[in-house]
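Residue numbering begins at 1 within each chain, and the chains themselves are lettered A, B, C and D in the order written.
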Amino acid sequence: MDVIDEGVGRLFTDPDADNARAHFKTKSRALTNKLMSLKDAVAKYVHDGEYLAIGGFGANRTPIAACHEIVRQKKKNMAFAGHTSTHDFQVLCAGKVFNKLDIAYIVGLEARGLSSNARKYMQSGEVEVSEWTNYCLSARLKAAAMGISFVPIRNVMGTDTFKFSGAKIIECPFTGQKYAAMPALWPDVSVIHVHEADMYGNCRIRDITVSDLDLAKASKHLIITCERLIPNEEIRREPTLTLIPFFCVDAVCEVPYGAYPGVMAYEYFSDEEHIREWLTVEKDPEAFKEFLDKNIYNVESHFDYIRLHGGMEKMLALRDKELMTTGNGNNG
Amino acid sequence: MADYNTMELMIVTGARELKSGASVAVGTGAPCAAAMLAQKTHASDLLIIFEAGGIDPQLPEMPISVGDSRTIWKACQATSMTDTMELFCRGMVDYTFLGGAQIDMYGNLNSTRIGPDHQKPKVRFPGSGGANDFGSFCWNMMVMTPQDSKRFAEKCDYITTPGYLEGGDSRDKSGLAKGSGPYRVITNMAVMDFEPKSKRMRIKSINPGYSEKDVRDNCGFELLAHKQIAETHHPTKKELTVLREEVDPYRYVIGR
Amino acid sequence: MDVIDEGVGRLFTDPDADNARAHFKTKSRALTNKLMSLKDAVAKYVHDGEYLAIGGFGANRTPIAACHEIVRQKKKNMAFAGHTSTHDFQVLCAGKVFNKLDIAYIVGLEARGLSSNARKYMQSGEVEVSEWTNYCLSARLKAAAMGISFVPIRNVMGTDTFKFSGAKIIECPFTGQKYAAMPALWPDVSVIHVHEADMYGNCRIRDITVSDLDLAKASKHLIITCERLIPNEEIRREPTLTLIPFFCVDAVCEVPYGAYPGVMAYEYFSDEEHIREWLTVEKDPEAFKEFLDKNIYNVESHFDYIRLHGGMEKMLALRDKELMTTGNGNNG
Amino acid sequence: MADYNTMELMIVTGARELKSGASVAVGTGAPCAAAMLAQKTHASDLLIIFEAGGIDPQLPEMPISVGDSRTIWKACQATSMTDTMELFCRGMVDYTFLGGAQIDMYGNLNSTRIGPDHQKPKVRFPGSGGANDFGSFCWNMMVMTPQDSKRFAEKCDYITTPGYLEGGDSRDKSGLAKGSGPYRVITNMAVMDFEPKSKRMRIKSINPGYSEKDVRDNCGFELLAHKQIAETHHPTKKELTVLREEVDPYRYVIGR
């Protein structure tokens, strides 16, 4: 294969399809009960030094409870997919969980502004980076989902985004057109938050799916957090609604409001007040340390965290906001 | 000795190869019967996959098509063919059963044509369908077929689906997924596997009522053989009961 | 690009991504009423000599009414994607609609046996063929959906299926592994049958989707036939259920029982008796000619065809069979 | 002359470029406001796409994120990011708006870093996100940005998103999609397009209250200019009313 050009970014995972197949050969296809606490799931499947990916889109259907738990368990030296990563990135930076990073979108929280602590960490030189784009990382996960070591796409060519990536430029054997070959990305472990799952891991998502369907296929280990458990009979009543099948999944954790303070479509809107608190307190390192102790290190569970920020009354208000209704929540 | 026919024996033999906790991609007919039988006997946690998109259905009866609505009856997922093919590609499919008009000593299969002219074949068959895909990616590809010396051919007129290609390491060198390939050939007369180095077909056990000579006379190439050729195990009473009463009560596949 | 090996099969469509983009640039993104009769849709979008693809899986959610209309309008010299093609193939062969063919699965009707007329046509030498597999054609549509001229996959290598295909063998620029490069397939026109659509072409499918989601994206023109029209408000009530968005679609035709005599999941089972009639009558060329006159050429619409085979009473019976219920249908 | 601020003018100017029957991929803030305004005025059939998966929503208010639940409010489809990116790749997206810390004369954009050391940048920005994808595939990429001579740079510290690269035919030769590229640059001072051959940025119209000298003084590279430089059209009363009352009633984007 003639390689016309290649980026200088390092690959943090092995793109070899046969090596990935060797792993997936060992993955159970049995319909077994995978229910466990989030604490146990993170302890069992998230390991220092391995490659982590997080589903959803920054602060939308993102497993923030799991991000807190990963920080709480002081996981370190991981590689991370900074793919449409906003509040999740901010949380993981607070714990300095990773020091190797595939970047598509980091540091910012879109219209909300930038995380000063995340930016500080990224400017410290402590993090080794490779640059990509949102579609590059989606395509790398797609390649992994397809069981192939690369997929050709047509972006990044001619830019520094290519130069600092781990992509390579090749030619189409049919047309001679240039393509940027994206290496497959098989994360060691991922966490995806969904609306409903059964105890085996069959999942329903009532929302945009971002890259999560490919991520679920690509991940060597997958932790699902869900708003609600549903019986397997309900899954089988309407199999067209299953978006992630059970055999992709290693752990199922029931974590209602697991995306808080982010948004969960049709369930609750984001708590913009509290996200603003994150962005503000970060600017003062001492205050931020106290904030993290209070909100992450010294709490037992996501419910405790929610209690600190308004508890069920707040959840009802966020539900009203999401549905644009006026219920108890707005009065609570 | 229980009273059973050859098709019943082949289905039972195929079913016994399927492990609980493993996955199998099946077509219509005998392969589906074998998977259903396994699931209802020793392998309750066998994951059944239909290539068109049906995942883990609770089959109410034999499907007519690998894409018909029975394949998603109370299924865990109704997805796309692309999705199920990706399962193969990622190494998530352990077993499958294929057939063909011809098979050679390396387990290569022809389901495309007889005759030399590709644009105007003497006999045209359906072609690969998913067969080449199954044979390319499945860890353990099995063949369930009646045996005669024309079907078990020295050379296939056309290789639709890869077995071990030219034997030895030729399959690995071709670019196909490492560690995958033909595993068992189950016929009316015998059960064959493949010698690990040469990748040539060899006799593993012979079905009750047949001799080694029968097996060799009905094969167009030289078969290797295990040092000890066993007799294929009879179906148990339970296997036959489940097969006849639960899997194929109308005897579509096992015949009357 | 080093090409290690290539098949001898001809490509019946242009794999160039920029040429495809030039077409899609001209496709309307407006939310306009696309309702028309099936007759008008076929007349307007199915043209002699162009490349045709049919959704569904042979006799499962396959737009058989549209196949009849294509035969009735005597479309000729088309290229066709023989992808999981069974009863649809049989119908199109009856009209000798195509003479160029990408083959994955043809001639057979799975457990039902083989179509003698289709086989005769395929053995006549009148049809130019390229060989592929089900996944090859899915992957070729996937490449087109992704706007790329090829996608690398790992099947067909070492076989005659490769040799008689239009694929090429290349090496992965990351691992050196060999891959079969599949050229993108952009059909000129496709027909997909769905459960529900609105008048703009937003579609819901309560079934396996086979390759239809990629087919919808890949097709330069797309005709939708649907069991039921639903209002756009219902589409917008639950946007997660929309599997084909309106801007992929050129025509929407309400054709209840449009997959008959095939199966439509959750709606009606296949009419095995009538499919058997097809398989039997084909063996006698004279009788088959009469059969085609009676069932296709001399009928006005799909409703007329259904009336010939039991009408609404039959439809109710097939609904009972599909749902495994015992209603009027079984007594009718 | 109506009373309006610069942000309002930029949004109105951006909105006017969007044709009915076309598609636009938008981010949060001003781009979203421009698309909403266009849809509510001259371009009722404008298709709005959010990269995370929201297709043709009936936006009840400005989204905070391109993936939040407002982006699928009464939408025609809630799909995946992969799906929307494929729309870009297939040539189904006509317009988009981007921004950046730096832009050069060929419309190349930097949203990654300031400073020479990539592993330890002086200032780290979010990176491409979807910007490189939008800039690579969209037929007409527009930039909406305040203008000053640091932001409009002779050379970007880092090219995140392709404009016309080094100008001339360098973009076509790079392998990027033919016929795509930067289309308009809308600033507080002026509207620029790109000269067809050299692909250099050129002044098309100047906003009311600014002179050509202002525009040139606040640009770090030499701008070409149309023979006739027009004055950017004022917003109409209707445009301002819709923008203020329907698009951004809380004045999140247009300010107070």
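Methods note: a residue touches a chain if its C-beta (ideal position, glycine included) is under 8 Å from a C-beta of that chain, and two chains touch if they have at least 3 such contacts.
Values in this document were obtained by computation on a predicted structure and should not be read as measured data.
J.: Would you kindly say which chain has the C-alpha centre located farthest from the C-alpha centre of chain A?
T.: Farthest chain from chain A, going by C-alpha centroids: B.
J.: Considering C-D alongside A-D, which chain pair is linked by more C-beta pairs in contact?
T.: Taking the two pairs in turn, the one with more contacts turns out to be A-D.
J.: With chain centres defined as C-alpha means, what is the inter-centre distance between chain B and chain C in Å?
T.: That gives a centre separation of 28 Å.
J.: Which integer distance in Å separates the CA centroid of chain A from that of chain C?
T.: Each chain reduced to its C-alpha mean, chain A and chain C end up 37 Å apart.
J.: Cα centroid separation between chain C and chain D, in whole Å?
T.: The computed centroid separation for chain C versus chain D comes out at 40 Å.
J.: Among the residues of chain D, which are close enough to touch at least two other chains?
T.: 72, 78-79, 88-89, 137, 177
J.: Listing for chain C: what residues touch at least two other chains?
T.: 17-18, 146-148, 153-154, 177, 179, 207, 240
J.: Once you've mapped the touching chain pairs, tell me: line, ring, star, complete or other?
T.: Per interface graph, the chains form some other shape.
J.: Applying that definition of touch, give me each pair of chains that meets it.
T.: Once each pair is checked, the touching ones are A-B, A-C, A-D, B-C, C-D.
J.: Per the contact definition, I'd like the list of chain A residues that touch chain C in the complex.
T.: 1-3, 6, 11, 15-18, 146-154, 168, 170-177, 179, 181, 183, 205-207, 240
J.: Can you list the chain C residues touching chain B in their complex?
T.: 56-60, 82, 84, 86, 103-108, 110-112, 114, 119, 122-125, 127-129, 131-136, 138-139, 142, 153-161, 164, 169, 177-180, 207-214, 263-266, 269-270, 272, 322, 324
J.: Mind pulling up the chain C residues that touch chain D in the complex?
T.: Checking each residue of chain C against chain D gives 17-18, 20-25, 27-32, 144-148, 200, 202, 217, 232, 235-237, 239-240, 242, 245-247.
J.: Could you please specify the touching residues of chain B with respect to chain C in the complex?
T.: Those in contact with chain C are residues 27-29, 51-54, 60, 62-69, 71-72, 78-82, 85, 88-89, 108, 112, 117-133, 136-137, 158-162, 165, 170-171, 174-177.
J.: Could you pull out which chain B residues touch chain A in their complex?
T.: 20-23, 45, 47, 55-58, 72, 74-79, 86, 88-92, 94, 137, 139, 177-179
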